[in-house]
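Chain lettering (A, B, C and D) follows the sequence in which the chains are written, and residue indices restart at 1 in each chain.
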Amino acid sequence: MSSERLLRLYREMYLIRRTEEVIADLYKEQEMRCPVHLCIGQEASPVGVCQELEPADVAFSTHRSHGHYLAKGGSLLALMGELYGRQTGCSAGNGGSMHLIDRAAGFMGATPILGATMALATGAAFATSMRQETRVTVAFFGDAAIEEGVFYESANFAVLKRLPLVLVCENNGLSTCSPLSVRQPPTRTICDMARGLGMTAVSGDGNDVLAVSQLARQAIDIARGGGGPVLIELPTYRWREHCGPGFDFDLGYRHPDELAAWQERCPMQRLVRHMEKTGVADAAALKRCEAEVQQEIDAAVRFARESPYPDESLLLAHEYMP
Amino acid sequence: MSSERLLRLYREMYLIRRTEEVIADLYKEQEMRCPVHLCIGQEASPVGVCQELEPADVAFSTHRSHGHYLAKGGSLLALMGELYGRQTGCSAGNGGSMHLIDRAAGFMGATPILGATMALATGAAFATSMRQETRVTVAFFGDAAIEEGVFYESANFAVLKRLPLVLVCENNGLSTCSPLSVRQPPTRTICDMARGLGMTAVSGDGNDVLAVSQLARQAIDIARGGGGPVLIELPTYRWREHCGPGFDFDLGYRHPDELAAWQERCPMQRLVRHMEKTGVADAAALKRCEAEVQQEIDAAVRFARESPYPDESLLLAHEYMP
Amino acid sequence: MKPRTLRYCQAIHEALDLSLARDPSVYVMGLGVPDPKGVFETTLGLAEKFGSQRVLDMPASENGMTGIAIGSALAGMRPVLVHQRLDFAILAMDQMVNQAAKWCYMFGGQQGVPLVVRMIVGRGWGQGSQHAQSLQSWFAHVPGLKVIMPATPHDAKGLLIAAIEDNNPVISIEHRWLFNIEGPVPEGHYREPIGQARVIRPGRDLTIVAVSHMTIESLRAAEVLAEQGIEAEVVDLRTVRPLDRATILQSIAKTSRLVAVDTGWPSCGVSAEIVALAAEGAWSALKAPPVRVTLADCSSPSTPALARRFFPRVHDIVNAGRRVVGLEPLTERAPAAGDPPADVPDNDFRGPF
Amino acid sequence: MKPRTLRYCQAIHEALDLSLARDPSVYVMGLGVPDPKGVFETTLGLAEKFGSQRVLDMPASENGMTGIAIGSALAGMRPVLVHQRLDFAILAMDQMVNQAAKWCYMFGGQQGVPLVVRMIVGRGWGQGSQHAQSLQSWFAHVPGLKVIMPATPHDAKGLLIAAIEDNNPVISIEHRWLFNIEGPVPEGHYREPIGQARVIRPGRDLTIVAVSHMTIESLRAAEVLAEQGIEAEVVDLRTVRPLDRATILQSIAKTSRLVAVDTGWPSCGVSAEIVALAAEGAWSALKAPPVRVTLADCSSPSTPALARRFFPRVHDIVNAGRRVVGLEPLTERAPAAGDPPADVPDNDFRGPF
């Protein structure tokens, strides 16, 4: 991979990371008045997958969607506007963090009811196939969402119709505070299960953006080439609490050592180490890129804060489409 | 298997077959005013499975449940009463053919919403496991019901908790008039899929009552022994129309030759041939048993016809349990 | 020249046929849609005509398939999803209510979901507790949905076309006992506006607001009342969301009396909404307490013996009408030979469906 | 001696604790039930006390797990299923409505389904379209279900115990903004009867029928009205199915005026049922058209800027009260510094939930 490409990967992961850190910092001001599910630590998945997509390809996500939205090219300004509940938000303030959309960027929508957007993504892929377009649809979701029957129903239809669909399961081992072991049998993996349904299924290091992008490349090729849906399972770890800006070690359901171990595998540091090892690291370029990103974020926060709230007269405005 | 045992299998299949033939004949009188889904041709499954159950074991079923109800020991009188909409019916007339129950016989209930009773059966098995009882729960259903997400959700939980559950999928290749091919991918079998979920899954000739009972024996042993849920797939064929008393070759979705081929594999004739081959056939005994069954059925029809309808004052009586 | 007539099921068929022909993004999907029974004839032959890509069967996966239909709508299609019974669509409440109904609003009005979900409501002939639910009030409760319940072949066609062309999710609830009724249906393309009720019979003494099959029964009841010298105005709701408040209130302003007749249950039902609307909005006009005619407040019994008391019938509407004008109820004559049984719409109706 | 007080969430906890201790067939299951947050503290420590067999987490499979709970109930258990948001339970409508609600009836009264489903309703702090639905009218519509919506810690405990001991499926809808309110709660086992409303404040000028969190807001509104010389009687519904018609009608008979206040939407809502009931049953007593106070008729917006107009508040109830007694509405004073924002119940409430 070219060093520009690697730098771009770094930049996108850094954008997600810093955006969420800034959200976490500013959240305590109580101006962002909506539940936020941060994906800090999980940036390799959105960036690795989205960088392999064509511009016409589309993506859906769930409650933990900031990363997917940004990696797919969603507007940072509109994200911040949304978190601040402003008229300029990507959903005009009606959505909040759990309802992001940027249709121009091919980010079709994120909604927090577990599993639901898998079916929507399958339907978008179905539309593609009915119209004989070459677009691929991606659905991002977690290891709990896959427990919903709608996953199974969507998968069955996608396999039946050989739809150009890529399902990305970010397996952070947790549903809120509940470990995988109380939800899924230890005797089968998520990939086994998906293969049983007739899908191609692959697994790889979810904290290694290069590994992710390689898996994504293959999956996208299969899906686009008429080989039917592909599931990618990406083991990873969320650093912060399930919902909200903080850490949650006080709750006792996980030990700080666990985080420490995963921080060793920080997707951004891993990428930097890779760049160093392959001799393409450019500390100055990284610093520049970080500074640029920070400026973008600062501008977005300013933009959001200066944006007007939706007027009360708009309460009913968006209920129906003309 | 002893000749008495074989004769009993014959008797039970004959009971189901004749009961349904009588229903089909009398249906045109328009006295049984409810949808009926006949299982003529599919008798080996209910009889083969139920004969391996202990009396304390329980079963659930769906819309096509006459066979399961009778094979589990459900009252013939109460079945006929129910079809005739009488107070003496197994559901006091409130249910009709699609809602059969005989709790004394361990037939926990049949309801026609596809897939729903799989979850109920899983729950009954869960209760068993919470109470550390040794009872096995069986769910009978068709090849379309397995397409419902509730199957997947139930299976996941049953595997997770290693529940004493046997799922019997009677695969007659049809959902109403729709072939399997428009509903499930040809690239995987139902057993593959179930195994992917972490279940033990086996398949066998659904028209051979001895084969069914052997599979059932193994499955029940595994389930009772703590080995978790087992799925049995039984390819078979329904002779009559999906719903109603007649044949439906006028519809054109299947050819009479198909029926003819399957009639060659009639589960009852197969058993008779087996008895002949092993030298335990006793034509007189079979005739006697048939005559007895016919008398039972005639008595049940008489009973139903002579039973009173529920009084209109009972309309609201059963809405809530005191 | 006598206007052309069609049966209700043919009117639906014509709406689908026409819509498929006009717009390549329309497709029709549901269990049994392309099968030889064609969902009570409403989809008969359409797969042959438009291909199995556009008129298709599906797995028995109501929730997933609804989500798939919605997703395809987000990607530019106009799906029509069909359920042989409303009861089966209950599996898909999440996708219909959490996703389709909310999409436009929760994303700030950027994109509608042009989805139509047809649901058929069973009645009689042993359509028991899980095959006879008429849950329009659930859908009418939910912002973001539109809900049509045509009573005539004319409206069945015009409203379904309007639904397919609407940019929002529309639930179409079709009563099984309407499928064989015949009525004038214009040829070609036309839309009936969603959200407009219609005064289907004028009268001065009381207003009967009814919907779907109950509109037909109410017309019959109005005839019976007319024989007794009572002139009922019958308002056919046609749409239960959005509700045409103006037409309802106008009629009550004229007649001062209200009977609300619904195919569903009473508690929090459409009939409750109509009565509440009248109480709030036509208070000074009303001269007697309004009356609801609904299903009995219990699950649907299968036995025909209870059908007569469970389902509202002409007789019940007649007596409700008498009550609001201050007359005693009439006792019903005992069923006589030749009367259709209470669990079929007419003597020609045959089970098992 | 001052009576012991508990917070609402503690009252629920005590009901569960007590029920688990009394009856080995009771078990509690739901996403996050045994986790360290304990479903807003309502299940905290119960897994430790009663074991993870009886107080357990589950896969994110709402429909299947509801069926599993029902199946276990058919086999003798008494499950309590918990959903952190009512919106998630929409996935399980089939099992709740097609199976649990119908079981007793469709099998002729042989067996009830002793299932309790707790559902929490979100409000404010960005609880958007998919996290703030208050769909009690759906459940209240359905024969076979019972639906409780306690407003006070006392009733939260007593009604939940009654629900667990009931032989029918009971839906318990708990409003998130109630969880921190404190009130007297008797020690030990007691049941509040399901299906009985309560006059929670007597008054002579108008009746406010309210439910859940709106009961608390209505009490506040009644105080404001009292300052204006208007004495409102507040009836806390407590149960929305079966409805306590007698208590409601009795109050209206006394006051002649009705305001119906609900946490849900208007169309076919519980408020519509209350108004319809009054119009039918208290016609001659009523001296003014009844008024509903409900959510705005749209999906829940996330932004706090719209929360003030979306959710009904004390001010809206006060004005509804004024209206039914024939007074002009008051314009609200502009929010002042120190006022809690409109999207939290009080200044102590902290996001993200």
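Just so it is clear, a residue touches a chain if its C-beta (ideal position, glycine included) is under 8 Å from a C-beta of that chain, and two chains touch if they have at least 3 such contacts.
Treat the numbers as computed from the prediction; the structure is a model and nothing was measured.
Contact with both chain A and chain B is made by C, D.
Averaging C-alpha coordinates per chain and comparing to chain D, the farthest chain turns out to be B. Between the Cα centres of chain A and chain C there is a gap of 42 Å.
Per-chain Cα centroids separate chain B from chain C by 35 Å.
Averaging Cα coordinates per chain places chain C and chain D 31 Å apart.
The multi-chain contact residues of chain B, meaning those touching 2 or more other chains, are 89, 91, 93-95, 99, 111, 113, 147-150, 152-153, 156, 160, 182-184, 318-319. Residues of chain D in contact with two or more other chains: 58-59, 61, 63-64, 87, 91, 94, 98, 102, 105-106, 128-130, 143-144, 297-299, 301-302.
Taken as a contact graph, the chains are fully connected, with every chain touching every other chain. Contact residues on chain B toward chain C in their complex (touch as defined above): 27, 30, 33-36, 85-86, 89, 91, 93-99, 111-115, 144-145, 147-149, 175-178, 182-184, 243-244, 251-253, 309-312, 314-316, 318-319. For chain B in complex with chain A, the touching residues are 147-153, 156, 159-160, 182-185, 187-188, 192-198.
Across the complex, chain A meets chain C through its residues 58, 60, 89-95, 99, 101, 103, 108-109, 111, 113, 116, 118-128, 130-131, 149-150, 152-154, 156-157, 160, 317-322. Per the touch definition, chain D reaches chain A in the complex via residues 31-32, 35-37, 56-64, 87-88, 91, 125-131, 296-299, 301-306, 308-310, 341, 343, 350-353. Residues of chain D touching chain C in their complex: 63, 87, 90-91, 93-94, 97-98, 101-102, 105-106, 128-130, 135, 137-138, 140-144, 241, 243, 264-265, 267-273, 275-276, 278-281, 283, 288-292, 297-299, 301-302.
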